[in-house]
Structure formats: structure tokens, C-alpha cells
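Please go over the structures that come below.
Note that chain A is present in both complexes that follow, paired respectively with chain B and with chain C.
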Partner chain A sequence: MINKEDVLNIALLSKLYVADDKLDELTAGMQEIISFADTINSAEVENTEFDNINNLSDVFREDVVVESYPREEILKNAIEQDEGHFLVKKRV
Partner chain B sequence: MSKIKKLHQQLVAKQITCTELTSGYLKKIEEKNGELNAYITITGEQALATAAAVDKKIAAGEQIGLLEGIPMTLKDNISTNGIETTCASKILTGYKPIYDATVWELLKAQNAVLLGKTNMDEFAMGSSCETSYYGGAKNPVDTNYVAGGSSGGGASAVGGDIAVYALGSDTGGSIRQPAAFCGITGFKPTYGSVSRYGLVAYASSLDQIGPITSCVEDAAIVYDAISAYDSKDSTSRGNIGGSTQNAINNDIKGMKIGIANEYLQGVRDEVKTAVLQAADVYKSMGAQIVYFDMPSLKYALPVYYILACAEASSNLGRYDGIRYGYKTDSYNSIHEMMCKTRSEGFGAEVQRRILLGTYVLSAGYYDAYYKKAQNLRGSIAQAFNNAFGICDIMLAPTVPMTAFKNGEAVSDPVETYLTDICTVPINIAGLPAISIPCGKSTNGLPIGMQLIGNKFEESKLLNAAYKYEIESGVLLK
Partner chain C sequence: MSKYELVAGLETHIELATNTKIFCGCTTEFGGEANTHCCPVCIGLPGTLPKLNKRVVEYAIRAGLATNCKIAEISKMDRKNYCYPDLPKAYQISQFDKPLCYEGYVQLSNGRKIRLTRIHIEEDAGKLIHKNGDTYVDYNRGGVPLIEIVSEPDIRSVEEAREYVEKLQQIIRYVGVSDCKMQEGSMRCDVNISVRPQGSDTLGTRTEIKNMNSITFIAKAMEYEFERQVDLIESGGSVVQETLRYDDATNTTSSMRSKEDAHDYRYFREPDLVTISVSKEQVDAIAKTLPELPEAKLQRYVQELGIPQKDAELLTKYRRITEFFESASIGLQNPKTVANFILGSVFKTLETESAKEDFKILTTPAQLNELVKLIESGKIKNNLAKAALDKMLASGKGATDFIDESDMGGLDEAALTELCKQAISSNPAAVEDYKNGKEKALQSLLGYIMKNSRGKADAQAALAMLKDLAV
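Right, the complex of A and B next:
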């Protein structure tokens, strides 16, 4: 059973705000999905290990130095930037 | 006949120039996209520039490749250098990647003509394309119905002939389901055979890029072009099985087609009938039909939603408003900036899946949900492994029903999740599967059937699909 407090706590962990008028609906929706997910608890299956799909072992390789993307290119999509840095408003 | 081959021959024979072909498609997009809403971005200028380059080659007597000059689209979660890639989300509005996804790099090198970026459910989370920030893509068979999701725009574009082929991505059925709804072909390759580099991640252990086409042969042509080992994707294996085009017309006499009884439960009668009629077509070609049980399949859907949401909650943590995309206007702290940016930028379904994923990964619930789901994932993968010990290919419905009406899918999340019941087991096990048309419902909507292959056995899978397509004459109906 998931309650409103749980939903608010998970939202905090997820860095999301839940509007007061949406909390009841969201809690009910989450409860419905979690009840559905709970059906796996009735499964009696062997403890089959699952590491990855194609049984790949660690994919190590020799480090190869390649050219990086130019800093100005990487910064192009930032809403606020200055002198080669991402900017956020000063709050301290 | 393959549409790609037909257009290729017309280009080579100089019956049409690539510029004329491309202009024709751009004109059709202008006429039809208002209704279909298949495209988010149209890249006409770039398309015509590529077309002109192809025309120059042809005029100079140079040979061109099969995909050269063929107008196509990419789903809007496939990165394109300098071209907006929004994932149909407000949070990525205006985002222009600074690099190309490997699949686009491969196709671009072959002078593929990119017409634009296609509509999708936001971050590929949905089954109707209606969670898109730009509104859903419509079904070209009947625009009162959805194109399906999440690669709804690509399916709508190919079905409506405003693109020759499209690349989509499939995490739980997002290529196959819209292909089934729109009456076309959708192919999800084996996990690892097509590079995911540059595909904006939803659930990294399930995501796979693949083609949406008007026939099986076109799917083979596009798959052969995009399946290659890529050192930039640590799960990449490449095309281990070799050219699928070479194997497509092999004799399938003696091939064992398996049907898991669970796959026929809970599907609409007319869908079940169409799939069983397809089994008869296979029998008439000398294939053998074998039935068996796969009890673990009944857990596939909750397992999928637990794992996909868990991975999504982690993958979507990167959207914080600082480096790219949407950023909230006013805030008093960094925490508030991130919360407001994410709450204003993500749609309701994406937020619901992030919350669910965070819940199943949080202390106290991890063992009961995430760990248990991972164990069940192993059991389901093992069950498929056993099935391919007794058959070569599996046959199943793609979706238990036909396309739903616009607006119907949004009302009940669990009910909507159930539409993915036939497709998600394939992603859980990392297998290749293709959806091809196999009939129509009484109200004239397409029914899709799904053929499932063993890992990296794309050649056998596309061979079986092609033979059915030819024998049944389904494309002519």
C-alpha cells in the first residue's frame, strides 16, 4: 500500500514537485500500478541469475586518446553559460 | 517488390531524379502532415542538398548504393548533429545534439535523404504516441485512430507514404506495435546488433533501434545497413548472423514454427483467428507447427514495467536544466531549480514512470521488486532459450487488439500497459522479432502478427517473414 506521504517522499528523491491538487490522483494511480507489479511476488521461480542479456563479460579495452568535442560546442545547448562554464544563479 | 529496390532502379535508370523524388515526398509531407502529425521537424533543405549530391553522382555515371537517395526519417530520440532532437518532450525543446547517432552516421555515409524527425511518445513512454508534447501521430488507415506507440510518427509516415522507411526504437514493442496498428512492417533486432550510441536512453538494457518499412525485404536492406559493431556502445555485438538479404528467399520446408499457448490467451478473437490462419499458410509451405506452454510469460509485463521504470528513473536523472534543454524561469535554490525544471518539463506519464522507478529502487522495496524482477527476467530468457530448442521461429500476435481510438489510451494506465503484453517478453529476453500485417478486423483496421527469432538469427527470422508475406499475398490485399 502506498500513501500520500510515500508519494511525496519518492517525488523528493526524484526531484519532482507534486501539485496539491494532483496528489490524490497520483497516489491512486501509483497504487494501481504497484498492485499490478505485486503480481510478481506470487511467482515461484528458481533464483535464475541475470547479469546481462548477451552474457557479455566486462568490456575492457586499451585506453585510446581521441580528440574531445570543443568546449564551445558542448556549451551551445546550455541556457546560461559564461567563459566556458555552465552557469546557475548565485544563491550562497 | 521491395519499395527501396523499385525506387533505386528508377533512380539508376534515370526515370526520376533524386531531387524530383525528394521534392515529391516533401510536397506530400506538406499536404498530409497536418492531419497525420507524423513529423516534429522537417529537414527539407538538408534533404534537397543530399538529393542534389546523389543526382550529381548519377549524372557522372557513378554507381549508387541501394539506400542512396532514398527519402527516410528518424525517430526524434535518435541524435542528429545540429538538428533538433526533442524526444517529443518539452524538456528537450530546442536541444540540438553536437554529434550523430551511429545509425545515422552509417546511413548518412550512404547518402540517405533525411526528410525529418518523427513524432513519438515522450521519451518513448507510451503505446499510442499521445504522450508526445506535440500531440499524437494519427493512423494513416483511419485518422480517428492512433498510430500506436511509441514510434507512432515513423509508422504513420511509412504507412501514409510520406517516407519510404523510418528508424524507430523498441523498448517494449515501440517499433512492432505501431507497425501492427498501421498495417506495415516493424523490425526489432537482437539486443546488441544495432548500436545504441546516440539513442536517447529510456531503459538501456531493453532499448534497441530498428527499421519500420512497407515490406520485409526493405526491413532486411535497412537492417543490413545499420547492424555493425560499434566500440561506442559497450553492449554492441554487430551483425553476427550475416546478410539477411541473402537468406530472405530460402526454402522454409521443414522449419518448425512454435506457438506458445499463453500468447493466444486474452487476445481478441479476430486477432487470434488471423494468427492461426498465418500458421496454416506456414503449414501449406511445408513448415511444421508446434505448440507448447511458457508459464513464466504471465510475469513478463510487471517485470517489464518494474525494470523499464527503474532504468528510466536513473537515465532521466540527467535532465536538470543546467546543460541542455528547458530550464525554469525563477528559482531560489539549486534544488528548486531542478525540481521546477523537471516538473514543468516532463509530461505526466514520464513523471509517473520516474516515480515508479524510484520507488522500486528505494531502500526497503529493492529486493521485493527490482531484484525479484531481475530474477524473473532470467527465467523468462531461459524459457525462450528452451523454446528455441524445439522450434526455429515463434509465431504470436503483435498486439492483442487493433488500434484504439484517439484519446482512449490515456484514461487508464494499467489497461494501456496491457496492450504491450505480447511484445515486452522479447525485449526482456533480448531477442529479434518482426511484426508484419496478417489481416484486417471487421472495422477495416490492420492486424499484425509477430515472428520471434533466437538471438542473432535475424536471417532465419526475416526469411520466415518474407516467405509468409509472399505466400499469403498480404501486401496485395
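Right, the complex of A and C next:
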């Protein structure tokens, strides 16, 4: 069972603020999601040590250089840029 | 001896010397203008898919085999989630519970084995430059392949840590998967460190010192952290589990984050990459391409070639030196002569460690081989060869450019006798000293003979003859 502590902890890890009056509602909602995800546990996975995606393995690329993109293209979506760099707010 | 014992384990990140990044074809070349070695994959644009570089797997297996690891038949990639601007996708593709290599070891000179828990492959992060209150992000390094080598907490002293890092560096360079240049960041270490009373077998609370890029810093940081933890415990406190940063300017460690706000990385299977399976045959094929490893080479030099242990250690430190040495020794009776020339005259021209590592000298192995052959065939004496070698190293020319026919063949007995007589008659004072028991006085006579024979005289024979003639 999910309790309020769990929700607050997950909120902290997700860098989310949870108002006190929303806590009960979120706890119930969270429990619902977890119960739903529990259905996955009933899937038959015996004899598979761990899954192969679509039974594929070993899709590799040769170590051959491909030309990189022009810098203008790379920086095109940057909200801010300076001297060819992406610019972001300083974080600790 | 301290009442406390140091317990440490290392996590070592090493950049692999592949041509391209781990999941895209961008170059891994060091340097370059910011964000010019990038594409949609390595800047994490939505809709792109990573594709694993085959050579990354091969190189990691090489590193694993060289450090006595087992190679996993099946392994996979996982997402390690954390949010920081050096990771454009907000996760790093790494390996969590199924690393490529596991259960290896590195043996130290004191016989102790430092066990390796695992070696896994992952992508490097971008570079952040903090200035003017902003953070400048360069993703050229983002996606460069890394191996992370994780040791068990088996290290018991700063000296062992130092040797462990040096050994790893040497082995990885030998197998050619990285240049391991700590100053350029292609090898970086995190140290987990704790203390416990001598004789105890439980582990104390550990701290982790992050991201050190020199062996000197590792040693200093460990010394400082050991003292700090001992002082804490002695004064009645206790060590708090936290991540530390080492500041080399003040030689202290300071907290980056405590356990309370430690990251929960929420690892999960990377759904965009398929399983990696490695067959026994593939492992064997890679094992066959490994060169002779440093430890085996050292033993062979000492036992089979008769090179003194200390000299053999210096020769085997860098692979390029061993290649030069072995090539220059082909067909010689006594490779020790070549070893002595390398450790003497050649090393004198290579002052720094990195110069020794690069081993860029003008003389070729074939030229040194020719010179030593002249000694072995009795055509020239050692001291003349040494003088010639100095000139060869400075010019890149061959031995015969400095030694002509008249130098070869040494001196016959009659010529040597004549020279000895001259030496005695022109140095009566020295002869008198020798007669009065000063053995050393003969040196000045020998000097005269060497000078007047242009180094061709055999010093031992000349000394014997001087003793006969002088009394």
C-alpha cells in the first residue's frame, strides 16, 4: 500500500511541490496506478532470464566517423546561446 | 602505526580510444570548437535512436580480459536518470545489473589482489563551463564511450591506491583501448573511503571523493580524508555518508551532497537498445589478439633475459619502450646491453614521464641494434659505443656515421703496451703514488690511455697491463 510518506518522498525526488490539501487525493490516485501496474506481474515470464526486445540482439554500428552537424543546426533549438555554447542558468 | 586501518575502493572512468562516440558516428577527437562534434543523437533530440558502436564492446572485453574478468554472455544497457545540464537526455545510458565484465582482479607488487566487482560501458557527459553566473554547455564530449572499472573495498593504504591506479593505467595502455591521460581527463577516479579499528572486519561508514584526475591528488585526498575521519571518531563523532569534492588548492575535502539528497537514479532497461550477447568463441578470438601483459613481460625480462628487477620495471612501464627494446634486441647475444643503453643514454634525453611514454626518439631500433652488434663482434668498445649513441640520439644518424674503420678492431697488444709505457713515462707522480699504495692513482694513467687511443683501448686490459708495468 502507498502511504502519504511515499507520495511526499516521490514528490521530493521528482522536484515537485505537493500542497497538504492535495495529499489524500494523490495518495489514492497513486495507489490506483500501482495496482494497475501490478497486472504486469501476472505476465508469464518464466524461462526468460531477462527479456530480449523483439528477440533481437547484437545490433551494432561499425566504428566509422560520420560527419557531425553544423553548429548552427545543433544550437538552433537552444533557448539561449553564446560563443557556440548552449547557455543555461547556473545550478549547484 | 595508526590505531585505524584505511579501507578504500576505486571507481575508475576511462575514455575508450574509438574513432566515434558510443551511440552515433560523431568523432571522439579531443578538443575542437564547442558543439562541433555533435548530432541529433548525442544532443538527445526527441525521436533519435542510439546504435551501439561495436568497437566499444570489443574494447571493454579487452580491458576485462586483461584484468582477469569474466565476460558476461548476455548483458544489456540501462538508463541512469538524473537531471543536470551536462546530460541532454536527463539520463545517461549505462549498465546497471548486467555489466559486460565482472569478477576480475589487479595484483599488486606486495602480492595482494584488488578484486574488481565489474567493468561496464556507458556514455560520457558534456562539459560545463561556469562563467558570468551562467553555465556554458559543450556536448563534444557527450556520448564519448567510457568504461567504468569498479573495485571492491580491498585497498588498505594510500600506496596501494597509487599502485592500483598505475597498474590499471599500464594494463589498459598495453591492450591499446585508451591512452589513460589523467591530465586530459581520459582517466578519472572516484574513491570510496572509510576507516575502522585495526583488526576489525566490519566496514565503517564511507565517504566518496569524486572525480580526481591525478594520482598525486588521489593520494593527497585520501591522506586528508583518512585523518579527517579518524579525528572525527577519536573526538566522539561519527562519519556521515556523503559525497565529497577534493580541492587541490587547499588540500581539503568538502561536501557536495549528503546521503539525504543522494540521487535515486531510477535505473531501468534502455528500451532503445537490444541485448548484447557475447559467445565464448568471440571472447577467445579477442583473447588471442591481446599482447603480452606487463606482469608477464616483467617476469620474462627478469627470468629469461637476466635483466635486474628494477631495470625491467622501468623498461616495461610503457608499451612503446618494450616494443623498441624488443626490436633493438633481435639477434643479439645480450639484450642487457640494449636495456642499459635505453635506461642510460636514451632516458637522459627523455626527461618527463610523458616523454618516456611517447618515446619519440630519433634513433631507430635497427640503428641501436647495429651499434650493439659492433660491440658484440668485438669491433668497438663499450665506451666508444656510448659516445656514438649520444651523437646518434641527437642527430638520428646511424652508428657508422660516428665510428669509422680506424676506430674498429680495438688496439692490438703491442699498441696497448706502447700506450701504457707512454702513460707511465709522462705521469711519474701518479706512478709514485701508485707505488705508495694509492690504487686510485692508476685512473689518471687510464685516462691518458683512453684519450690517446680515442676510446678504443679495453679499460680492463689496460689496467692489468699498467699494474704489470708500473711495479
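One rule holds in what follows: the second predicted complex is superposed on the first by the 63 of 92 C-alpha atoms of A that agree within 3 Å, B and C clash if a C-alpha of one lies under 4 Å from a C-alpha of the other, contacts with A are read in each partner's own complex, and residues count from 1 in each chain.
Please note the rule applied: contacts are C-beta pairs under 8 Å (C-beta built on N, C-alpha and C of every residue); 3 or more make two chains touch, one makes a residue touch a chain.
This is a predicted model, so every value here is computed, not measured.
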item: Which superposed partner A:69 touches (first chain B, second chain C, both, neither); value: both
item: First, second, both or neither for A:36, with chain B first and chain C second; value: first
item: Per-residue touch tally on chain A - higher for chain B or for chain C; value: B
item: Touched partner set for A:89, first chain B, second chain C, both or neither; value: both
item: Partner chain in contact with A:59 - chain B first, chain C second, else both or neither; value: both
item: First (chain B), second (chain C), both or neither touched by A:4; value: neither
item: Touching partner for A:17 - first (chain B), second (chain C), both, neither; value: first
item: Shared chain A surface residues [contacts with chain B and with chain C]; value: 13, 15, 49-50, 52-54, 56, 59, 61, 69, 74, 77, 86, 88-89, 91
item: Chain B-facing residues of chain A, complex; value: 2, 6-7, 10-11, 13-17, 26, 29-30, 32-34, 36-41, 43, 45-50, 52-54, 56, 59, 61, 69, 73-74, 76-80, 86, 88-89, 91
item: For the chain A and chain C complex, residues of the former touching the latter; value: 13, 15, 49-54, 56-66, 68-69, 71, 74-75, 77, 82-91
item: Complex contact set, residues of chain B against chain A; value: 94-96, 98-99, 191-192, 205, 231, 234-235, 237, 296, 299, 301-303, 305-306, 313, 317, 320-325, 327, 331-335, 337-340, 342-343, 346, 351-352, 354-356, 358-360, 362, 368-369, 372-379, 381-382, 413-414, 417, 429-430, 455
item: Interface residues, chain C side, partner chain A - complex; value: 18-20, 24-27, 33-40, 43, 45, 51-57, 74, 76, 83-85, 98, 129-130, 133-139, 264, 266, 269, 271, 273-277
